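Here the structure is laid out as structure tokens; the discussion comes afterwards.
Here the chain labels run A, B, C and D in written order, and each chain numbers its own residues starting at 1.
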Amino acid sequence: MKVAFYPGCTVQADQIGYEASVRNTMPKLGVELIDVEGASCCGYPPFSSVNEAAWYYSSARNMALAERMGLPILILCNGCHLSFTETKHFLANNPIIKAKIDEKLSIEGLTYVGDVELIHVFDLFHNKLGEEKIKQAVTKPLTGFKFGAHPGCHAIRPNKLIRPDDSENPIKLDELIQWLGAETMDYPGKIDCCGSSLAPASGKTVMEIAGDKLRMVKALGLDGLVTTCPFCFKVYDNRQRAIQSTVGASVEFPVFYYTQLLGLAMEVKPDFLGLDLNQSPVDSVLARIGGS
Amino acid sequence: MHVEDSPVASTFDEHRLHDTLMKMNAEVCDQCGKCPSACPVASRIDGFNPRQIIAKVCSGKEGELIRSGVIWTCTSCLKCKERCPEEISPYDIILALRRQSIREGQQHPAAYDDMVKAVIETGVITQPQPVRTRKRERKDRASLGLPPTQKPKDQTKYAEALQGLLKEA
Amino acid sequence: MKPVLVVGGGIAGIQASLDLADRGIRVHLVEKSPSIGGVMAQLDKTFPTMDCSICILAPKMIECFRHPNITIHTQSELVSLEGTVGDFSVKVLQHPRSVDAQKCTGCGLCSERCPVKRPSVFQACLGQRKAIYLAFPQAVPLIATIDRDACLWFTQGICRTCETVCSANAVEYEQKENTIELNVSSIILATGFEQYNPKDIGEYGYGHYRNVLTALEFERLVCASGPTGGVLTRPSDGKVAHNIAFIQCVGSRTQTTGYPYCSASCCMYATKEAVLIKEHEPSSHVTIHYMDLRIFGKGFQEFVDRAQSNWGVRYVRGRPGEITEDPASKDLTIHYEDTEVGKVEKNTVELVILCTAAVPNSDNNKLGGILGVKLDEYGFFSTKDPISSPVETSRQGIYVCGSCHGPRDIPESVAEASATAAKAAEDEARLEVKG
Amino acid sequence: MTSTPRIGVFVCRCGINIGAYVDVPKVVEYAKTLANVVNAEENMYTCSSDGLNKIKEAIKKNDLNRVVVASCTPRTHEPLFQETCEEAGVNKYLFEMANIRDQCSWVHMREPEKATKKAKDLVRMAVAKAALLAPGDEPEIDVNPSSLVIGGGVSGMQAALSLADQGFNVTLVEKAPELGGMLRTLDTLFPSNIKASKVLEPLLQEIKANPRIRVITNSKVKTVNGFIGNFDIGVEGDGKQERFNVGTIIVAVGADLLKPDGLYLYGQDARVRTQAQFEELVKMSKMDAKRIVMIQCVGARNEDRPYCSRICCNEALKNVLNAASPGREIFILYRDLQTYGVHYSRLEQDAKRKGVKFLKYQPDKPPQVTAEEDGLRIEFYSPTFNEKVELNADLLVLSTPLVPVMDAKELSQLLKVSLNSNGFFMEAHIKLRPIDFATDGIYICGTAHSPKDIGESVTQALAAASRAAIPMARRKVRAAAIISEVDQKKCSGCGTCIEVCPYNAIRKNDKGLAEVVAAVCKGCGICGATCPEKAITMHHFTDEEIEAQGLAALKET
């Protein structure tokens, strides 16, 4: 199965551990990742609050590139996936803006049709590959672990647009974790926000919002928090020390990308999964897995 | 009557912000309090309350909102858009207010200007920098065996297209 | 004089039938379920007088049953209609009870011995009933009926325990359904409403969180004839709940569910249920999360004032955004804004009761088609004109009363029932003049 | 002489209402030991058809001639058990109830032994009285198949028309010069905004064309005597007097709109109007105000009038929808919008789409209105914005409640029916008998019952027609047998009983002695208690019976 691989700015810039874990697991499941040459930012963080046309142009441009490759486009970040989905929906209903964007795309010789299939990480693992394929690939089941899934707002909302999972009771990420042999818990606040897009305006509040969830899952005695979204991971993992100082309570708690757990269950070496880049205390979990 | 949930094209030509916002269903708000009740920010930042933002928009006070910094502290979690019984989206209204505020050069977080500048110049928000492992070692894309990042082939044409839109819209 | 057909045996159908029968007009009362009584039979107490619901309903049900001018057809439904006002020919399909109505004394022994259990619709699925069962203790007619989808004899050809234990040998497995034909002068629809199932409003967790109930389920919980004998035990751990919250307008006043209207009686029955809680557990805390307090009926404002001042029921104006459940204690936290002070708050309780929308009866489409009666945009029967002909439908000689043409409370349904009886009597009088 | 009493006692468990607190089997055993009791048994629900059949079987099997049921309140269940006894051949007045639920198990939930002891006492008292009961016969009264409708508004007209269409003669009395009531003051009607005349004209024509309806305008009902089936009515007006007899009476006298004198500068500033006056201005297109503020619940939902008047929100919405136009700002200050049901929710949405602004105010911080040249300044605390809000309006419209008509008190005394605490007529049972009065043969409909809109008034009017038609269609009514009787030998003709009787059911006969009018007497017992000569006995509550109960109460179980 071939896909146009669109990791997005955040993954390529500083979540390279996630990119490594994706590039070292998906091929083993028969997914060939073909980079989208010439891709650019999806436009959501910079332009959604600044200029609508620039936002939709940015997303349309990347979809046009994928359309040219004739492949469905695999998107790692929740924000990019929502941005592409919203652009497809908006341009389909707003010919005036679409015309203006087509005109700008022609400068780079691109044309946007709007029929590219957008694949979210949940879609890829849960629908396209499915339970059997993943279970076959698992050679070292993560038995004895209980994780908390964090699907991320833009993966499940708004339900007016078709989103990869249900908006109020999402279960796909839970099931993906269960297929690796581990257990999950439907903890309160599972569908809550990590607060990351508040960073430009109030970093302190981001810490408080993220801190609440970390304290919750830590108090419930879970073994780790699992997500597929670089924005959420960046707050929960990379900023754990900053959260601790702001919130004042111990929030040290292991945070993983799903593809990292998948890799461990497929006995891929941790170095190939970028696990050394996780700032949260993942070593205890790795030790228990007998990380070879 | 299903109303288009993201703002209609008229944001560009008419610049009549109040009408645009009203067409986004703000006028039928019952002030029921559902949007602030699950909003992660409303319970943490005094003064940020999506219900009151809609109330101010309904009574023609969008100007006051554009000048106040309150519209910049929404974390776009989309819970309000998801659950509003009248199918109003405070989130989309806040985005429209932000765009108008930028258009009128009102005060807003500098990070947005930096992001816009970076994307125009490099095609992405941030350039790849070396990252530190838990044991403080430095790593980068190359040391992880990752290919170079994706960015526009012809940066000037890409920038020309983007800047054109930013001026005309 | 020709008889009148009344479809639906709830309080509205009963009142219309009694009004007509008391003045000498024969009535055929067709009821879909095994007993008349409707939703009112499931209620514990009624507002604003706190009368015990079955106590004021049962005498009227028995009056209907023993009235020489009223013939009750239970487990029956209207299947066809021809003709016009004064000369309607209808076919009524009677589903078999598999029990001989003349012999059964309603002793209930068969039900005791029957091995098969099913959720009891009367107990709003909080309690159970057997495959052969009496609808409820005060059912009218008090005759057992067999649920053929559950009975082992009908599904696997085994058991027949009820036949052996029945001293009146009333069990008749081979009973067939039959169709009767009636010629009536006019038709009164009183088919009632259904409760909106709030599982689609994911943020309130109905169907996921054990301790989130609907108001009708709570009526059974608090009722002395309910599955817990009126003890307010939580479904998750059976502990008596002392901290309870109501959430109003669940499904109502909402575009996305398709029911943007207000269901009219929920603010009042929530208040009544809150007072019932305070009566059962005086130390309990009860909160009602509302949007607008709809207290427009006679005696309603005074009832709410008493609930606040005498009983200490707390009213909070603010539609809750979501409910989260503590995985260990199964307690529920309601996230809401008190819009009177503009503060976002949390209310942790042991039990949440959702006051869900009153929605059209799912049979209305089929029935409307058979009768040639128009429905409104929501699926209720529509009246010719809510102002000058409030109980007439789009077809002459067919009338509506009760919540089958829009949500309303019991006194309005009773008044409308008498109103339809008047219209039917007018048709009778015209019939006689024509001779 | 009635045969020796053979009493059957039936003790009800009422599910757990009694059974969980009173040891029912013990009470049954105890009942068997009482004098004259030949049979005693228990039931899960005596009022269910199974329970009633058990009573009938016991009567046949044990040849019972008295029945005692120990269960709940006679108010809801006595008629049911009396009819069951009658069907089994026992006169319905040879039946007695002991309330061991409301007066025993429910109030002694926490002391089961004492509750059981008290249940035994109550059964013993009932049995003692039952032994002395005498059969009562209910005289049949002829019913004059004609009706009087008081009040010619939409309710009165609709009730009269329905009765006429059902074949009964009706006299419709209206104190104003012409029929119509509120339909004449309203311009359009919600929810569809049709012209009130569109509803009024057809009713007037139908009434004029209907031979069975006799209309008397400019007149009031002065005297009402008699009872169901036979009311003697005296009407006065236009300098004439009329006397006629009817079988039933329907009260449809409507309600008035409160004049909000002294509230929000009403009466002191011409720019403060009521909804009715506002509608008039719009109708005559004399309404040119640019900024309108409306205030809801003016003079309602407070201590003086603790009720919601149901229609003011929808009336205000109808008016703003007719007045809304670009360039005109309209604010509605409300407490709780009462747009209930499928029809009215749309009004709220339509108004908002037309730019009408809804702002909530709190009852303990009502709006303050100050008059200024350029307009009225209206200040109030807005919970929506958590701050004081100031509006200035060139027109302030007050939504006021419906209040009982001026002569409601007088009419209630005339008809011997009561008013509720708010002054509206009080029906027999608010839930299941909203149209009947406690006094047989008299019915209530329309806003005289409580505030309601036109459609709901028409519904109640039709309902009243149906209820009134029942006794008139049957031509016969059975009067209750629990009435008082004057012993002509003891009566001294002093007339005290006549004065105190609330239903004036006692008259002096040709011998100058007091005589009870059987059909009118309600069996309240005041005459029996006041008679200095002890000449009046109350059937079913004779001195001997009460004495027997009292003595039984003192005996130890």
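Just so it is clear, contacts are C-beta pairs under 8 Å (C-beta built on N, C-alpha and C of every residue); 3 or more make two chains touch, one makes a residue touch a chain.
If you're wondering where the values come from, they're calculated on a predicted model, not measured in any experiment.
Asks: In terms of CA centres, which chain lies closest to the overall middle?
Replies: Located nearest the centre of all protein C-alpha atoms is chain C.
Asks: Centre to centre, by mean C-alpha position, how many angstrom separate chain B and chain C?
Replies: Here the centre of chain C sits 48 Å away from the centre of chain B.
Asks: Quick one: report the Å distance separating chain B from chain D, using the average Cα coordinate of each chain.
Replies: The separation of the two C-alpha centroids amounts to 60 Å.
Asks: Quick one: report the Å distance separating chain A from chain D, using the average Cα coordinate of each chain.
Replies: That gives a centre separation of 66 Å.
Asks: Residue numbers in chain C touching 2 or more other chains?
Replies: 203, 253, 339, 342
Asks: Spell out, as numbers or ranges, the residues of chain A touching 2 or more other chains.
Replies: Residue numbers touching two or more other chains: 167.
Asks: Multi-chain contacts only, two chains or more: what residues does chain B have there?
Replies: 31, 51-52, 79
Asks: Would you mind giving me the full set of chain pairs in touch?
Replies: Pairs of chains that touch one another: A-B, A-C, B-C, B-D, C-D.
Asks: Mind pulling up the chain A residues that touch chain C in the complex?
Replies: Going through chain A, the ones touching chain C are 166-169, 185-189, 220.
Asks: Which residues of chain D touch chain C in the complex?
Replies: Chain D reaches chain C through residues 14-17, 20, 44-45, 47-50, 52-53, 72-73, 76-77, 79-80, 83, 162, 165-167, 189, 191-192, 194, 198-199, 202, 301, 306-308, 310, 336-346, 349, 360, 362, 383-384, 386, 420-421, 424, 429-435, 449-450, 453-456, 458-467, 469-470, 473-474.
Asks: Taking the complex as given, what residues does chain C use to touch chain B?
Replies: 203, 249, 253-256, 291, 317-322, 335-339, 342, 344
Asks: Mind pulling up the chain C residues that touch chain D in the complex?
Replies: 11, 15, 19, 22-24, 46, 48-49, 51, 55-60, 62-63, 65-66, 105-107, 137-142, 224-225, 229-230, 253, 260-262, 264, 292-302, 305, 339-342, 376, 378, 380, 385-391, 406-408, 410-412, 414-423, 425-426, 428-430, 432
Asks: For the complex, give me every residue of chain B touching chain D.
Replies: Touch list, chain B to chain D: 27-29, 31, 51-52, 55-56, 58-59.
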